[in-house]
Every structure is written in C-alpha cells, then in structure tokens.
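Right after this note come the structures.
Look at the two complexes coming up: chain A is in both, with chain B in one and chain C in the other.
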Partner chain A sequence: MSEGNKNTNTEPWGGFDDNLIQRGGSAVIDMENMDDTSGSSFEDVGEMHQRMKDEEEVTAEAAATEEEGGEDGEFLGMKGIKGQLGRQVADEVWRAGKRQASKAFNLYANIDILRPYFDVEPIQVRNRLIESLIPVRMINFPQKVAGELYGPMMLVFTLVAILLHGMKTSGTVIREGTLMGTAIGTCFGYWLGVSSFIYFLAYLCNAQITMLQMLSLLGYGLFSHCVVLFVTYSVHFHSLFYLLWLVFGGLSTLRMVAVLISRTVGQTPRLILCGTLAALHMLFLLYLHFAYHKIVEGILDTLEGPNVPPIQRVARDLPNAITVLNATGKALAAGADAILTQ
Partner chain B sequence: MAEVDEANKPLFAGLSDVSISEDIPVEGDIAVPVTSRGADDEFSTLDEPVKDTILRDLKAVGNKFVHVMYPKKSSALLRDWDLWGPLLLCVTLALLLQGGSADSKEDGGPQFAEVFVIIWFGSVIITLNSKLLGGTISFFQSLCVLGYCILPLTVAMLVCRLVLLLVSSGTASFVVRLIIVTASFGWATFASTAFLADSQPVNRKALVVYPVFLFYFVIGWMILTFSPSP
Partner chain C sequence: MGDFKQYDEDFYRTGYYIDDQGQGGYICDPNYPPEYQEGEGVCDPSMDAAYTGQVPGLAPGTMEYTAAGDGFEEEPPLLEELGINFDHIWQKTLTVLDPLKPADSSIMNETDLTGPVLFCITLGATLLMAGKSHFGYVYGISAVGCVGMYMLLNLMSMCSVSCGCVASVLGYCLLPMVALSAFAIFYSLQGLLGMFLALLVIGWCSHSASKIFSTTLGLAGQQLLVAYPCALLYGVFALLSVF
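Then we have the complex of A and B:
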C-alpha cells in the first residue's frame, strides 16, 4: 500500500490527497501523511484551506470514477493519476493567481519609487512650459534639464485629448481599434519611442544626457504640438498652420537642439543627434496635423462642388473616399450614383 | 521528517515563499469570535427581502448623488465609498451616447466601450497622479468621487437628448447645448475638487486639478458633439 502510494505520487506530500480519496487505506500511512502536512507549522492557513477546497473537488471527481472503475485500480489506477493531475492544475492556477495579485500589489506599492519624479510646484511647471519655447544660445556649458515627469505626462494626455478632438471632427474612421487607443498609442509611442531612440543615439554620440532628462526634454517639447494642434484643429487655415508650425514647432525644436548641442562634443555627433531630433519633431507635428485634417478638406471640397448630395450620404462614403482621397471628385460621383440607384 | 520532505516538495515551495506577515491577517480572522460581529445585523440582511436590500443600497447611492449636487465640504462621499453609483452613471452615459451616428454605422460599437474606457481609465490615471503628487486619499475613494462627479454631465446628456428631440439641430440648439454642457462641466470639476482638494498638499492643488479638468472636458466635449442618428 505504501509502495503504491509512493509510486503514484511524485510528491510525497501528495499522499494527503490520497488519504481523502482512498478512505479504505491503512491507518498507519494516513497518520504518517497527516503528520507531514501538519508538521510544518509555517504554512499559510488560508492557502491550506484553499487547497483543501480544491482537493474536495478532486475527491468528488475521483469518487465518481471510483464507482465506475471499481476497486481494481487502487494502486496504479486512474484516480491516482487524475487526482494528481487535478491537484497539479489547481496548484498551478492558484500559484499563477497569487503571482498576478502580488505583482499588481507590488506595482501599486512601488508608486513611491516614482514619486520623486512628480515632485513639482505649479509655478515650476508653468516656468518650464514657457522655457520649452525659449531656445537658449549657450553651447559651451551643459544646460540644465530638470528630470521631472509630471509636465510631460500631462502634456501627453493633453495631446491625446486634442488628437481625439481632431479625429472626431475630421471623421477619421479606424478599422482596427478605437480612436482613443490610436490617440494614446500615437502620443505615448512618439514620446517613449523617440526618447529612447534619441537616447540611444546620444549614447552612440557620447552626449551627456540621461534617459529621464531625455523624456523630460521631449515631453516639454510636446507643448508646442499641443498649442499648434489645438489652434489649427479649431481654425482651418493652411497658411496659419504653416506659420504656427514654423514658429512654435521651430522654437521648441530649437530649444531641444540647443540643449543637446550644449551636452555634446564634436561637430558630427552634434549634427547627427540634432538633425535626427529636429526632423522627427517637426515631421511628427506635420503628420499629426495632416493625418487627421486632410479628410476634412476632402469633405469640404466635396461639399463645395456642384450637385451637393446630402451630408449623411457623403459621410457614409467616407471609408471609400479615404482610399482615393486625392480624387475627391470620384467620391462625389460615387455618392451621386448611389443616390440615383436608390 | 517534515524538513526532509520540504526540500523536495513543489507544493511547499509555494508555501515557503509566503512571508509570515501575510499569515497574520488570516490567523486573526479565524481568531475573531463570531459573536463580536453584530449578530442581529447579519441576520437582518439575511432575512430581509431582496427589495429592501436593493432599496437601501439605492438610497445610499441617491444620498451621494445629493452630495454631488450640493458640493459642500463633507466626507460622506469619501468615508463610505462604493463603486455602484459610478458604474450606474457610467453605463447610463455610455448608453445615452450609444445611439449617435456621427461618422458611420460601425461607430455604434466602439462608442459604448470608448466611453466606458475613458471614464475608468481616466479616473485611474487621475488617482495615480494624485497619489504621485503626495495625496493622502485612498485609491478607491478617489475613484468613487470621480465617478460620482460625472452626475452633472450625465444630467446634461439627458437634457441634450431632450433638446435634440424637441428642436431640430441648428445654431439655437447648439448654443443651448453648449451652455448646458459648459455649466455641467464646471459643476463636475468644482464638485470633484471640493472633495479631493482636502487630501492634497496645499500648494499643489492646481497640479491635481488639471487632469481632472481635462478628464471632464473630454467627456463634456463628447456630449456636446453627440448627434443622434436620423
């Protein structure tokens, strides 16, 4: 009996489970195994309870098979394997759940680690926002960059809100995912992605800047994007956008470039680093504007043309129209045709 | 015997990771005598009709609604927080926004999820932000307050739908809706800051209020741009 017990269970402790299943087992082994379980006094009582519950289910399951299979499979039979399997699965599930819960809890407890980066006063944030638009011509001495994340985070969320606004008014239709997810993905992707990329370049070019400073620098650089996009999503003027793009986008780019130049040595590294950053920053603003703005232009063009179809009709045809955006006349024709056929 | 076995037991490997501090509450809970809990209280909730239970909870939720509508400095909303009210408001708002067809037919699907996600995700972000800035409020208290303060916006949404039903969409109805939404947006921001501001360091209130402002602004803007399907 004891041999059989040891064989079916890889873990000796598992005998406890078999005690529940094989109620007819010898009393000596029962006691031995029971001693095992109760012997270690540092067990979590709650966990024990949980396991007992799991095992009760397993026992019930095994009892069902016992009725079918009879007594012959007592030593190496189905129920031993089944019970063991069930217990292992339950154990795995329990452990995975516990790991998840403790991970979530640790994350929440680790908020304290992030707290120093959010240690700012309102007036400091305001000053940094203003400073992000003022390039400083001082390249001989490394300029100070505050390692702070409150401002960048809030600017990114503001940019998300502005992008949502822009997407809604431009009638952007996104097949996979939601507007919200796209906006968040774009903003955070740009912020984190470009920061890490520039940090990597800075590492290659031997620039003295930390990841935190890079995040802060680029995050505050997004202030110009917020201003420009907020204005141009509400007022649709191409010339106004280009003006704002050059002035605000240029100023914030110059500020970041000045900081990076002051922290890099040598002509070529400076050129590589600053050229990359400036190009990415300016082009991103251009992209954000036109990706969610051009469609409005398309609609307006369509509406201004002759034989104006109802607005709803055009809006429905938008998905088709996007693919052939440059030929708005086609969309118009399609809309008119659709109405005629109806 | 026990120690020898423990070395090669995968089952106990999990147990040995458990620190003793985690054991204590469980043991404590077991040690608590049953009689010390208000026995009659337990019995009354067990025996009472379901209607009474639901009505009592609804009354508690309604009480908090009143607190939001008259935002005076009271800790009732903070002390007994619950998430039923926020859930109710959130679902109501999402359902009211559901019927809109601003762009296309498929937009109906994401709309509900979008509202739902914006509200919960937004509140979590604001809460984390206030924690990071050194607030002394607990996570769920903050979620509760932010959720309950959507009430003015939900009311505004109801009124906006009524306006859209009565008046055909034109400049007049837009102006009316703009006024309603702006008022309710201001109300929501004011109410939530009245509850949340006490838990924040004095000099940092503006930093905490800004995300709250942004959060309600996005919701308000969604309500304003809502147009029902023809």
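Then we have the complex of A and C:
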C-alpha cells in the first residue's frame, strides 16, 4: 500500500494530489452528481479515515504474528516445529482471508457511503413531497432532481404500513408467507426493481439520469400512492378510488415524465422511457388497491344484498311442511271415514 | 483498568434520579470526533462491551466480585451481580413517560436492556390476555426495528451510537404502548375511540424517543425526521394491539 504513495508530480508547484481517487479506498466516484444538492464532503473524510484504519490494522497484525511465532517456537522446542509450522501457515492464511473479506466488506457494504444522502432538513422533505405532485412545464433544460434517500425510504415504509393497515381491516389472509413480509416485499420490490429497470432503459435511451436520482424520483412518486391508498382504505367507494387514481396518480406521473423528458433527447427514446414509467406507476396503484382490498368489497356486497350467504345453514320451511302434513292427515282421515261409513 | 473501580463505586450512585437532572452526562458534540472526556466516570455509549457477549446492564466493576472466589456469605446479591437495579429502571421510566420534561442525555450512558425486555414481555402478556399470542411478532418487530433505527441514526448523525443504546431508548419508550394493549383487554380498539387512542399513544411514544435521540446525538433541527420512523415502528406495534 505504501508504494502507491510515490510522488509522480513533475511540476515545481507540486501538482494535483490524486491519492484520494486512485488509492481505491472507495467504490464511489460519482462525477455525475454535479447537480446534487447534498454538497457535503463526508465521503472524503470517510475514505481517509478508513485507509488509516486499514494501514494500522495491517501493521498491528504483522507485529502480532511475529511475536506469536517467536514465543511458540521457544516454548515447544524441536518437537513442535512441524505442527507449529502448519499452525502458523493456517493462521496466516486465515488472517489474509479475513483481511481481504473485511476490505471487501468495508468497500461495498460500508453504509458510510450513504451518509450524505440522509443529510436533510424537515422543511426540505416537506417541500419535495409537495413538489412531487406538481408537474413542471419547463422541459427545455434538465430539471434538478434531489439526490436524497431519506424521503423515498420513509415513503416506502409508510406505504408498507398503509398496506398492512389495509390488509388487517379487510381481513386478508396470506397463505404462504406473512402479511408483513408480503407488504415489505411488494413495496421495496417495486421501488428498487422498477428504479433499476427504468435506469436500464434510460441507459439504453441515453437519458442523463443517475441511479440515485432515479431512486429518489420514483420514491417521491410513491407519495401519491400513499395518499390515495390511505383515503380509499378508509372510505370504500370505487368511483372515489378511480377519481383519486387519475388525479393524484396522474399528477405524480406527469411530474416524473416531465423530468425524464427534460433529460432525454429524441422522440422515440422519450416515448419508450416515459410510456414505460407511466404504465408501471399507474398500474402499480391499481394493483395495490385491488389485490389487497377485494375481500372487503365481497363481504359488503354479500351483507347488503337480499341473498342469503351460501355458507350459512338455511332453516327448513317448517310452516309449509306442517301445512302439507295437516292436509295429508285430513285427507287420510276423510278417506278412512268414507270407507268406514260405507 | 483503574476506571473499573470507579464504575463499581458509582454503580448505584450514577445519578439516575429525577431530581438529579442537569448533571454532566454524555452530550454528543458534533464538532468533536467521538472521543469522550476523561474523568467523567460514565460509560461510553459506543463501547459495545456492555452489550455484546455479556449480561445486559452488567457494569464492568462488578466483575471483581466473581473473580475473587469468596465464600457464599460474601457474595453480592443476585440482582446487583446481574446489574439489575429496579430503582434506576423506575426512575428512567418516569422520566421517559413525561412528554413535557426536557430529555436528559445521561439516559444514553447506560445500556440497560432489563427494562426494555421487561416491557416487551409485559406487552406480549397483555396481548395474550386479549386472546392474541403474538410473542414472536413482538420480539421480531423489536429486533428488526432496533437494527433499522440503529442504521438510520448512524447515517443521520455525526456521532456513532451503539445498537444497545438504541434498543434501550426504544424499549423504554414502549411503555405507553403496553398501557394501550392493557386497555384493549377490556375495550375493543376497533372503533373511532380506539383509533384516536392508538394515534395518541403512537405520538407519545415517538415524541419521547425522538426527544432523547435528537438531544443526545446533536440532531436538534431534525427531531421530526427522527420521530417519523419511530412513529412507523410504534404504529406496527399498535396494529398488533388493535387487530
């Protein structure tokens, strides 16, 4: 690692120090986030800190290995050398593997790289929530998209909570799985899956949008879903749902579509990208309403209609039977009398 | 190692009393890297020793007793050995329950999981009395919720916080939910009154928890942002109690 510090600058004034970029301390070299609103330098501080920690760990382990090797050799004498050698080799292999694994883990699973995307104020979140329902008409130059993950993540969790509430009030039974697992899987699957798919299409259509911006855009678009589902799970009217679906769903779709159009060049790419996003967004809301709420509709129809519910046992119509019996009995009696009197 | 003696002496005197507010406790100063001042005599909240591998709440100083190999008469009482101090738990509970009292940052000093575990078991018991056997759900949601909040708080704040402290705070603030669940034994919460009570209790729990987190972690202007995920977590508990 220390060889990487060679000074390759030839200028007398020192030149640019590109250690931070080349030393491989982080997988994030995000030059596309020029219009990012987070603007914090935590990434650099985090990388340097991590590199210093790694170097300390390596030297500490090397020192520890040398010490242990020396002590054990002296203690065991000639007999234990073969076993000792084997043990040392195994130990060294284990340590090297652990070092590699922890480096890989720190590189890819370090949540510190996500730290700048959670640096928001409540008022910013509120403004972005409201703006997600307001389509912007200016599509001539790229519209700004907030690179933030707090709002979208909270909206996904809110959608999970609303779905759970809806499933509980409608008495939905999930046979293979749990309610919580289904709700979480559906919402996170939509957010991450559709974002990735649209990002892939955007890559094919040469649209200027990053994965983070796509996640943020789609996440804030779920605000309309939350509002519509919250209202319609409480007030059960199909016509109200369709109206809200068109109004709120439409507004948030238009907002996302306007942003994508402003960042894409060409009629066909715009059509493909925006058409796909609009279709998926609107259909997801339809799916959420009908998949988890149908049972309530069924029960309401059954209770309000004149028909007897098929599961219940229907009492036999005893008065009719008695009348028939009486009539039969009377007829038999009359017949018997007639025979006797003859 | 000399600090252990001090911890031992301060075990029952570590000011966790309502009258004792305002004593210097752990305050996360965002301008400081997370190194704590010497001579404070308080447990570092980011030190995981009190949480991983050891009995929860065990103060390091009490190890002296078990290592000594003394006779039966000289052994300390079991509760003291386990680090369970009911008086502390009661004091913390009263502090947390009062929504108008300003938060005392020293609540984050001790990773005390006894109170929270007791509250979770009580919640499960009250649900059982209402005819719902949901112990597994309570433990699972608590565990997942604690891990989620731990990750979120570490991402949002400059200071690092340990999972034990997060679990401790969330557990103490669960007490109003236990009261709601106890109320649900006698009166069904599936009406308008029930919904209103549930919303009130969720607000109370999340307000307490976010007050403590934002005061201690230096997230002064972001209390709402911390309160919302807490409200979602407590909302899931409320769903368990209501339905």
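The rule is short, and it goes like this: the second predicted complex is superposed on the first by the 195 of 342 C-alpha atoms of A that agree within 3 Å, B and C clash if a C-alpha of one lies under 4 Å from a C-alpha of the other, contacts with A are read in each partner's own complex, and residues count from 1 in each chain.
Everything that follows uses one rule, which is that a contact is a pair of C-beta atoms (placed from the backbone, for glycine too) under 8 Å apart; a residue touches a chain by one contact, two chains touch by 3 or more.
What you see is a predicted model; the values in this text were computed from it and never measured.
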| query | Is A:F157 contacted by the first partner chain B, the second partner chain C, both or neither? | reply | both
| Given the touch rule stated above, what does A:L204 touch, chain B (first), chain C (second), both, or neither? | neither
| message | By the touch definition at the top of the document, which applies to A:D91: first (chain B), second (chain C), both, or neither? | response | first
| task | Once the structures are superposed on A, label A:L114 by its partner contacts, choosing first (chain B), second (chain C), both or neither. | result | both
| query | After lining up the shared chain so the two structures overlap, which partner does A:V265 touch, if you call chain B first and chain C second: first, second, both or neither? | reply | neither
| query | Which touches a greater number of chain A residues, chain B or chain C? | reply | B
| field | chain B/chain C common contact set on chain A | value | 111, 114-115, 118-122, 125, 150, 154, 157-158, 161, 164-165, 168-169, 180
| Touching chain B in the complex: which residues of chain A? | 11-14, 35-36, 39-40, 42-47, 51, 91, 94-95, 98, 108, 111, 114-115, 117-122, 125, 150, 153-154, 157-158, 161, 164-165, 168-169, 171, 173, 178-180, 312, 315-316, 318-319
| said: Could you list, by residue number, the parts of chain C that touch chain A in their complex? | reply: 151-152, 154-156, 221-222, 224-225, 228-229, 232, 235-236, 239, 242-243
| query | What part of chain B is in contact with chain A in the complex they form? | reply | 1-3, 5-6, 8-12, 14-16, 18, 20, 22-23, 26-27, 30, 102-107, 110, 113-114, 117-118, 125, 128-129, 131-134, 139, 203-204, 206-207, 210-211, 214, 217-218, 221, 225, 230
| task | Using the touch definition up top, name the residues of chain A that touch chain C in the complex. | result | 111, 114-115, 118-122, 125, 150, 154, 157-158, 161, 164-165, 168-169, 180
